[in-house]
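The following pair of complexes shares a single chain, chain A, combined with chain B in the former and chain C in the latter.
So, the complex of A and B:
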């Protein structure tokens, strides 16, 4: 029996079902366009904890419990908890795994951790290696800023193109049968480094890998962008996600190196435009 | 088709083969009892790099290349690279994955990363989800000390029971057929936290989870300690590994809570003995 498709994709013949999900976010995310869709929107991004790290863990534990409750299941019915986060040694996930007391498979893929965990969870379910799997991930703006940029307490200025790491957690319960969306396939990406080193612009660093993974998915499954109603990526930011569209649309004649070069060019152009816009804004509103 | 056995174990009917391996270590490890068994023993733990982190990555890249060379294979024949390490955001593995340019599944399980990666690799191979998988992990004493204790440059005193994180890397090539050892089963463990907070004594922190995983393995597979010629754990240190033997041997009548209590008791006793021994040694050799 083989479900490897092409070089790096899995085609799930028995498509796993997403039985239920739990989503918990902070106040900023609650005010966003998806605000009404989250299970819990906290007013306090610390959720009563005494550190951002403990708050992040709390978000994840809540998301996991909501997913279990919605499915009417208990922890001992779950074969494995699969997940990770952005912290050193995926601390938030490991402490949540202690609370959840389930056999635990720790993952790390930065922004891709959520889909990496879902891919492995779906694989295990579709091949009979688990009865139910809980896949989850979390981040907290104030822990991520501390890890990758400057602690939020510093109040540092950020460039206008800087992105914002979510304060929130999501967990999904995967099973072989049941109502809910089905996972049909998964493609595992490579590390594609185009030399972007700006920690405020992680979208630009990730965009080439996003394009590479989507184009590899098309190649392995023998489909094109028209096969899908919607192609969703995460973590790229608006400008970078837009810049990815052209190489992805042209994937029927993939010329990866060329697409990447254009992506890098677009990125430089966007950053220059950002900088020019910022200078204009500063000129229009001089310090009083 | 199901290969889930018991609550948290996988039984591989088509047992994956370990085709080849690559091992690279530093000078201290080369002087140890396994010194002659490693493929490369470096004289310089920095291996010509300008940071410990870059050195760690170099060890891993070398180990991966040796494993490929021994099997006479090239990077493009490998479906997935699976691995992780002890660094923030598993940096060493992610940069090695960039060099290897293979589809990459990042994992984190601290000391268990090696077996976690091998378990997932074996699972993928045994279920037809990959043709060849490279599983690897690495650590460097000087990066780990910096992360978890104090930078080695400080020359801090360490208690006599303190363990030593390996400078080295290992990689193994897993395939569905071929000569070499076979992987017959895998059990995924839980986080078991008995409240040990001493960063010099990670063996004590990990021992309860080691016992829990081994006992779960016996329970799931319906075997006992007599089923194996040798039970090998990693990272526990001599005292803690010895302390694990009793609860593992008594696993035919597992009373987990009781076994853990004894383990904790043994740990306190060992640490007291360590402390007393140290005071005696200090008394015997007063500062000149």
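So, the complex of A and C:
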């Protein structure tokens, strides 16, 4: 059972379980603070493929395979595969879906694709629309640079605040029953455009939507930041989330103003995590 | 144009933009200028050295030596781009490696390499001028306008 709670949140009565997960990353991510937590760290970001796009697809295929192996399941036991990536026509995910040979629902929400997929997967499970759903997403630094910025070998000077798109993939197996963390609720966020157009400063562009989604989540569920041990967002960059509170409060709908007045500056324990390793208690999907 | 874009934003957007700009680490402009000056200067000195060498050892005049000098600089730039060195150099040197002819060669070759995976004709061929194309377009337009002015005012007959 799923019920609509508040304006834009789903409350899952029979909380879907996350049976297993698979994470595969490139060399740069492997050297990061979460390096030891990934299932596979590749030394070669091309993973023996002849294009960045094929490499990205390979990462996702491996992540999906690991998630299935850990749960001891096979492809034909999975009802749907839900996922997406950053490429045009979500190329990498669609080709990975060809390999996985599961019924496929393609998603696109830019950086929010991972949580968007997880939210829809949980929804399908809790309404009885599926027994096992694989939710996955992938990105590759070089394909993202190529599509959104400059060729990888182009010698332009990046500003000191430039962010780095993750090379890696993650997949999680969502099921109606079993052991594992449970998804209790999901809040679908709005697109909040604050006029940031710098392709190197994605954090500043996404932060207002992230805050809007988190505030909406609190409002819909009638809880505050204290309700959670940890609030994790992906890839906003240092201190950005705190930086955007005031203008967002002014831009948001009247309800959000109340939420903000309850939400003192220090209360919002918004911790930053690396884009690849987002572990979220709160299944919020900020659009970006 | 950038100013027009900013004016179109709502007051809230403008305020957020200001806030975001204030929070983001500033570019080290003075340091960037110094690096650009040193590296750009070194590249030009190298070019001068190559030209001198052509004049001394290949018995060329200064004018004759200009074209092969540029060709050698371009070749060096393309080799460094293919070896994956030029982008790292560019991150350090900024305009120092972007402005000289080596920067133009890097813009062409990096796009050519990047799109090779999409095929020789539709990949490399079609995308090679992706970054450098605008230089050629506006260079040609500027040359046309200057040529027109020269024709109208009759300078240099």
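We adopt the following convention: the second predicted complex is superposed on the first by the 238 of 288 C-alpha atoms of A that agree within 3 Å, B and C clash if a C-alpha of one lies under 4 Å from a C-alpha of the other, contacts with A are read in each partner's own complex, and residues count from 1 in each chain.
Methods note: contacts are C-beta pairs under 8 Å (C-beta built on N, C-alpha and C of every residue); 3 or more make two chains touch, one makes a residue touch a chain.
All values derive from a computational prediction rather than experimental measurement.
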Chain touching more of chain A, residue-wise (chain B, chain C): B
First, second, both or neither for A:73, with chain B first and chain C second: neither
Partner chain(s) touched by A:107 [first = chain B, second = chain C, both, neither]: first
Chain B versus chain C as contact partner of A:221, first or second or both or neither: neither
First, second, both or neither for A:194, with chain B first and chain C second: second
First, second, both or neither for A:8, with chain B first and chain C second: first
Chain B versus chain C as contact partner of A:40, first or second or both or neither: neither
Overlap of chain C and chain B interfaces on chain A (superposed complexes): 193
Contact set on chain C toward chain A in their complex: 5, 9-10, 12-17, 19-20, 23-28, 32, 81-82, 84, 86-91, 93-95, 97-98, 103, 106-107, 109-111, 113-115, 117, 130-131
Chain A to chain C touching residues, read off their complex: 50-53, 146, 150-161, 193-197, 201, 204, 208, 239-240, 243-244, 246-248, 250-251
In the complex, chain B residues that touch chain A: 1-4, 7-8, 10, 79-80, 84, 86, 88-90, 94-95, 97-98, 101-110, 116, 120, 123-124, 127-131, 147, 188-193, 216
